[in-house]
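Note that subunit A is present in both complexes that follow, paired respectively with subunit B and with subunit C.
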Partner chain A sequence: MKRRTFLQLSGMAAAGSALAGCRKGNEKLIPFLVPPEDGATPGIADWYASACRQCPAGCGILVKVSAGRARKVEGNPRHPINRGKLCPRGQSLVQELYHPDRLRTPLKRSGPRGSGQFVQISWEEALATLADRLRPLAPGDAGKSAVLWTPPLQGYLAELVARFGQGVGRLQHLAWEPFAPEWRRQSLYGHQGLIDYDIENTQYLVSFGADFIDSHLSPVRFNYAFGRMRQERPTVRGRFTYVGPRLSLTAASADRWLPARPGTEWTIAMAMAKRLLPQVEPRVLAAAGLDTAELARLTEPYSVAVVAELTGVRATDIEAAVAKLVAIRPALVIAGEMLVAQRNGPEALRAVELLNLLLGSVNTPGGVYLTRPEAPGNDSSLAELQQTLATLQAGNCDLLLLQGVNPTYNLPPGFGFTEALAQVPLVVSCATFLDDTVRFADLVLPDHANLESWGEAIPSAGARGHTVGLLQGVVKPLHDSRSFPDLLIALAQTLGGATGAAVSEKSFLEGLQQRHAAGNPARWNELLAQGGIFPAEAAPPEPLRQVSLGRPELPPAADADPDFPLQLQIYPSSAFHDGHGAALPWLQQLPDPMTTAVWGSWLEINPQTAARLGIAHGDLVEVGSAAGTVQLPAFLYPGIRPEVVATPLGQGHQGLGRYADGRGVNPLQLSSAPEGGGGFPVPGTIPVRVRRLSEAGELVTAGHPEGSYRRELLGI
Partner chain B sequence: MKKKLLIAILLLPLLAAVIGLVVLYHLPLDLEDRAPSQPIAFSHRQHVGEMAIDCRFCHRSVDVSAIAGIPDVDLCRACHLFIAVDRPEITRLAEFWQQNQPIPWERLYRIPDHTYFPHMMHLNAGLECGGCHGAVETMAVTRRVVATKMGWCLNCHREHGASIDCWTCHR
Partner chain C sequence: MSEATDQLRWGMVIDLDRCTGCGACVTACQAENNVALVGKEEFGKGRNLHWLRVERYWEGEFPHVRARFVPMLCQHCADAPCEPVCPVYASYHNPEGLNGQVYNRCVGTRYCANNCPYAVRVFNFFNPEWPQPLDQQLNPDVTVRSRGVMEKCTFCIQRIRGAKESAKLEGRPLRDGEVQPACAQTCPPGAIIFGNLNDPDSQVARLARSPRRLRLLEDLGTEPSVVYLKGGGHEHVG
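Here is the complex of A and B:
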């Protein structure tokens, strides 16, 4: 460089930095136009109790609100489920509230279906359109029907929907979402009520595919209990064994991991049952309607050596786990989603749960507690879902009203949901985001966010008495949205007649108040302040009735299909649950606990298998099944069986806001038909083949040297 | 000799430039930051000095909260529905109200991030508003009179025997 150029450049740099100092540095101070009615003092926050509806666990929350804005969510210490703790999904509720892509006004489709073109309309027009479709369904008239599809509902809302349906006439209610605890219907206990595992008081815990630290039923509750089981007792540290093909976060927390071939986990339970049986008094079994001799015959073939052969786990490891279970009391066995989703799932579930009966761990300290629910749940089974889809496909449905479900994303293409939608003249969606399914709707009705809603959150697991968390609208709704129950009430008023008579409340809040504290405002305020109605003591447990034995079949040999030699396991992501959490950037940025991957999907593959297929860490691979192919970055993961590959569910949305749209892969596309057991739409494993495409997998992990700062890969 | 003179002549402007920059650095030239033009030319001299309105009539949360609070538009309007209705600045106030827009005031004082400054504790300890904010009753255009830097905080804390523990402010 010449001296002259150097001087010119330094002069310019100096002038530039001097100019930067001339910038105006003041921020703005924006006052209220009119102060909030409750006289909010700036800088001083109020904490309101409410409940989280991000998953069916129903944790209690406290929300910090100052100057009319929700700022922080924490766990409610008085709530018996989460006792002041909270998971990241609950923490992210503020991002749902303030999300830039929330639906703000009612919309009407203006382009072809699925194009995502909508125009704004008024609530009056939306309600009138909907009412016109609902009027001809009155009982007595012949004609087509309508379907209302929601997640499983409880308490007052369930009752309101039932009354609304009766008033309207031919309105069928389908209450189904992918990870609802509906699968527990298949349980040995024949029990759909409250279930609670007394993990904190047990001494030996065995989990068969129940990832209770990641996602199983009530993860915050069970995490808390697990911590106490390990460290709270001065002389005892509870032991824990995990059975399942993949090292989940739960498996990684265990003392012993038995990586059984998928579909054979239950044989280990059989080996345990065989060894336990001589200890059990016949009258205990007889009380449950079981015959000792029959059980002995059933478990006879499953010696440790045979089971080792079947599961592909070392015999010494199985022997150690069996010996512990025989010796240590109290002991508890939990069976979960990863077991039930197998093709032999329901039978395997019962085979595993038999162990608790043999251990004497039903309704005893350190065991499993069953409590009769206050009101039966209204969850629909997989069979009912399939019937409804057949009704839609046959063109016998005039109106499909969806609320809080995303079947386009959560059902594999084999279910034919998209084709069924084409047969329905009017599809109405009540949602907070323009998600995969809402794109196909004709009429979109914006729903309140969790922090704007009133309602109940009634846990179906993790409690031993009727627990009702109260949802409190902690802030005024930000947009022109309406909560789903208030939408039904407004519709009933528009319809009048039988529906108007059946649903006569003025608002959902008023009905809620009436239900829990009729004519007693002080009591209502007290309930709201503590966050709900919590039982002072445990309800009497429900005794076991006649149980039916599980007789699972063995899965086909691992190499049965030479075209698809590997087994793909799809597991619920601990951040996104069934996928709806993917809209929130905090959850996207949350590193997966086992791989530290962020903002995307990946394929976990055993290093041995990867070496055989010539795949390196971070390579782009193609995963193909009979149904189709997807492309994923490979993550070399020693914690998985060599013949199994795994990928989380939750990414790969079309829609659901700017942070989720088009990011990652929806592995359900690889599932061919509605198969799989236990009410799961996804088979526990899908036969696949994997091949390497290139080295550009673009895997982003927090553990990577460049970390999650590789923003060019994130694209935001 | 001639060479030395040449070097001196060359160095002199450089020295002058350095001295000039140092002087510039210390001169209070950020006038626009310290006394910015506000969306409405509000005069503290008129309200506090001439009308003798108490600070707390408008900055209502100053003795109960960390934040003093600026009056909501409704409060301004409550008086100016009747007082000085036809002055141009009051017409602008009315316009904000009619358009449902809050007034975007320029902020004068800002405490750096990760620092906790509670107004109420200082006030309840007997400090005067003017101790930090200056004689606002004389200011037609309100200006910032102190730079909110850590040394300034510490000097005052030492002077009054207040705690200078890190946790006192950084929490």
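Here is the complex of A and C:
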């Protein structure tokens, strides 16, 4: 072969191989020799749908996963509750997953109770210990009982726990956590169904202590709707009035704030009802079992002038709000936790909700929608909680199994929970962090984080049809943890017998798949990809049945007790909710919206009151009640009644990881035994006294108390 | 390609009537951009690293008091006061209207932060720490900044780049709303809108023409790319 021909041929061969290299299907620069197991490509993120269980709202989420790690959580745009939006707590789910102080293995107590000394044990040993305690509870045998305490459960998990309990025998299930929507049982609407406020289509919104932007039922859903109420309609801007003693984050967005004395808010509703009543046809009221004449008698004393006197709000302001409610349709009235926790809470709640009936705003656009629940909730009431605590205290309980609750933190000392624990031979805690309660446990079982768990998140508010969000384990479990339902299944297998027969599924995931897409893997994948089962159209609304009002009472006159002249309001922090968010550093560093305070707790006090007591911004003050004292930095807060002070719930943990441990104050120490209504463990307000201690309050805020710039300068 | 680039001018509209001050944007930004934690002590010294903060202003006195919220982030000024003072050209202007920050040029003079009237530039006084396994949450699309470097809001430039690349691969122009910074994506009341101001039909351009429009400290001549829409509702004030 000539040299020239050789070069021509080799050139053609090279061109040919280059062409072959261009063919489709070989797009990766360096193909894998061994493809990764999970099919993920390095540098390319996958998005998995799941659901958030940080609060009862049950928002849908999408999780960005690359290289097997969860990187970012976004809202799921297809989920009817949050429509692609998410709150700071949902955003912080990755920090729960990757928290450096998560429980990693089963632990057994090695020191005295509460010392926090534990030794590592195996799952086999942990399961055997638990099973030994559960066996003697079999039905028929006489003897002591066991208590399983969880937050309110829904759907498949609720059913699994019920079957497990029946199999075991004398296992009592308590489903209670603070701020669970259980309080709605006392509502005028009188059922535990789905409730949705059509805020986005309303023209006039009145909230009585419902902080629907911070914490009420479904904050992301209502925050989304609120934005649309303001500016989504071309010619209408919805108006909003807030009634309550403190300018909360929600109240800050109101056009009008009526700072009524705590416990008197409902009288404003009475003044509104009085004015609305003549507009309402008697048959509408009769259909709900109400008598117009009797209602007229009930509301008769509440003229605007009288209500102004009772509430301490200027009569012209009340009159303006009443006049708007009479004139504008559709209008919507919401009552919430801060109202219900008052001593007269249940009656006040019903008095306020009566307004929606008078406005014709039940099951109509711009009103409140009620839907029959798919399955009854298993929420326990405060009375049931107290009965259970009595059982514990009497020494009639052999085993206390806790999952996802932190009663040592969330119950005021007056409930005697910690003392009751001493009467229980074996306390088992299934948790993600070594929190206030887990410290007192004998056996600690690490639970999966939200992003590792499979399950369901069924919202109880904010939807108009049965909605099931599916939790997907988006990453492999990091530690030697087990999800709570899988723990129950493993226990049932260990126990065998009746329990083994009652709980026969191999794993929770398998059961979940069976429940939603039996024998249809394609359908299951489709459900997982969209994030759950969402109603195609709104379910038919549940008509309002016969209602009973009750008669609200006025609280005793303010400043009745000269020793404790101020009223303390404890509100759920928007970042920490009932306190479990405090473990996460992003939430610790998120400035509180109203005070911009970070990494701690504070006492909100009106500047006039502070001046009278000689307290300056940032001073350390002592807050004392009949039950005890705490020390807090003072924050001069213009948006609060002069006789009211307030502090957020959420800080002051003992345990719960390095970011929360020993930080701030748990204000529940100031509460004595429950006297409030509404099923809340803390009364709406606690009589306190406040005195200055020193200037070293160590308050850290992101902004200047007034804001960094003068507002006029910015032109807003 | 240069034609397509010229057609882009990124801008943001923040509707103060929708904003409820909830803070979801603050955490979303921190999560997306690997913004470090500083702890209480450093926070107290003003060394917070948040790229986006929500200012809260009190107005009036009890009982006629109200609080107003203003989300504050880099305004991506067309005439940015931070740019000409940088001795090493770490602060620069990109053709799409972004005010960029080149971390590996920055020598930490902090002149830019001094000159920013909105106080949105933050400085790394320390190397960031993420106790293991907290570091696994870090977003691989965003550089982790080290000690001595100035940083600030980028309008989530990694998301802009990502969207442009996928549009290019699919051979189509960018769609309106395709690029969502983390703050806008998560904002529950939908107060933050992002997009191309040069496209007169984009949502952001339409909103930016609203009669409620205002730009912060506009008389300084900074020409910000962030347009705020005034909140309504002064019923009970005054």
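Here is the rule we use: the second predicted complex is superposed on the first by the 666 of 716 C-alpha atoms of A that agree within 3 Å, B and C clash if a C-alpha of one lies under 4 Å from a C-alpha of the other, contacts with A are read in each partner's own complex, and residues count from 1 in each chain.
As a working rule, contacts are C-beta pairs under 8 Å (C-beta built on N, C-alpha and C of every residue); 3 or more make two chains touch, one makes a residue touch a chain.
These numbers come from a predicted model, not from an experiment.
Visitor: Tell me which partner A:G43 touches in the superposition: subunit B (first), subunit C (second), both or neither.
Guide: Once the two structures are laid over each other on A, A:G43 reaches both partners.
Visitor: Kindly classify A:P259 by the partners it touches after superposition: subunit B alone (first), subunit C alone (second), both, or neither?
Guide: Touch status of A:P259: second partner only.
Visitor: Touch check for A:A320: first (subunit B), second (subunit C), both, or neither?
Guide: The second partner, subunit C, only.
Visitor: In the superposed arrangement, which partner chain does A:L160 touch: subunit B (first), subunit C (second), both, or neither?
Guide: Once the two structures are laid over each other on A, A:L160 reaches no partner at all.
Visitor: Under the stated touch criterion, name the partner, subunit B or subunit C, that contacts more residues in subunit A.
Guide: Answer, by number of touched residues of subunit A: C.
Visitor: Between subunit B and subunit C, whom does A:L587 touch in the aligned arrangement: first, second, both, or neither?
Guide: In the superposition, A:L587 contacts subunit C only.
Visitor: Intersection of subunit A residues contacting subunit B with those contacting subunit C?
Guide: Comparing the two interfaces on subunit A, one with subunit B and one with subunit C, the shared residues are 43.
Visitor: Where on subunit B does subunit A make contact in their complex?
Guide: Residues 30, 32-33, 36, 61, 64-67, 69-74, 97, 100-108, 110 of subunit B touch subunit A in their complex.
Visitor: Flag every residue of subunit C that touches subunit A in the complex, lowest number first.
Guide: So the residues of subunit C touching subunit A come out as 15-18, 20-24, 26-28, 30-32, 37-40, 43-44, 48, 50, 53-63, 65-70, 72, 119, 131-140, 182, 185-191, 214, 216-218, 228, 230-236.
Visitor: List the residues on subunit A that touch subunit B in their complex, please.
Guide: Touch residues, subunit A against subunit B: 24-35, 41-44.
Visitor: What residues of subunit A sit close enough to touch subunit C in their complex?
Guide: The touching residues are 43, 45, 66-67, 69-75, 82, 84-88, 91-92, 94-95, 97-100, 213-214, 219-220, 223-224, 226-228, 230-232, 237, 239-240, 247, 249-250, 252-257, 259, 313-314, 317, 320, 478, 574-575, 585-587, 589-591, 593-594, 596, 598-600, 606-608, 638-642, 658, 698, 700, 702-703, 706-709, 711, 713-716.
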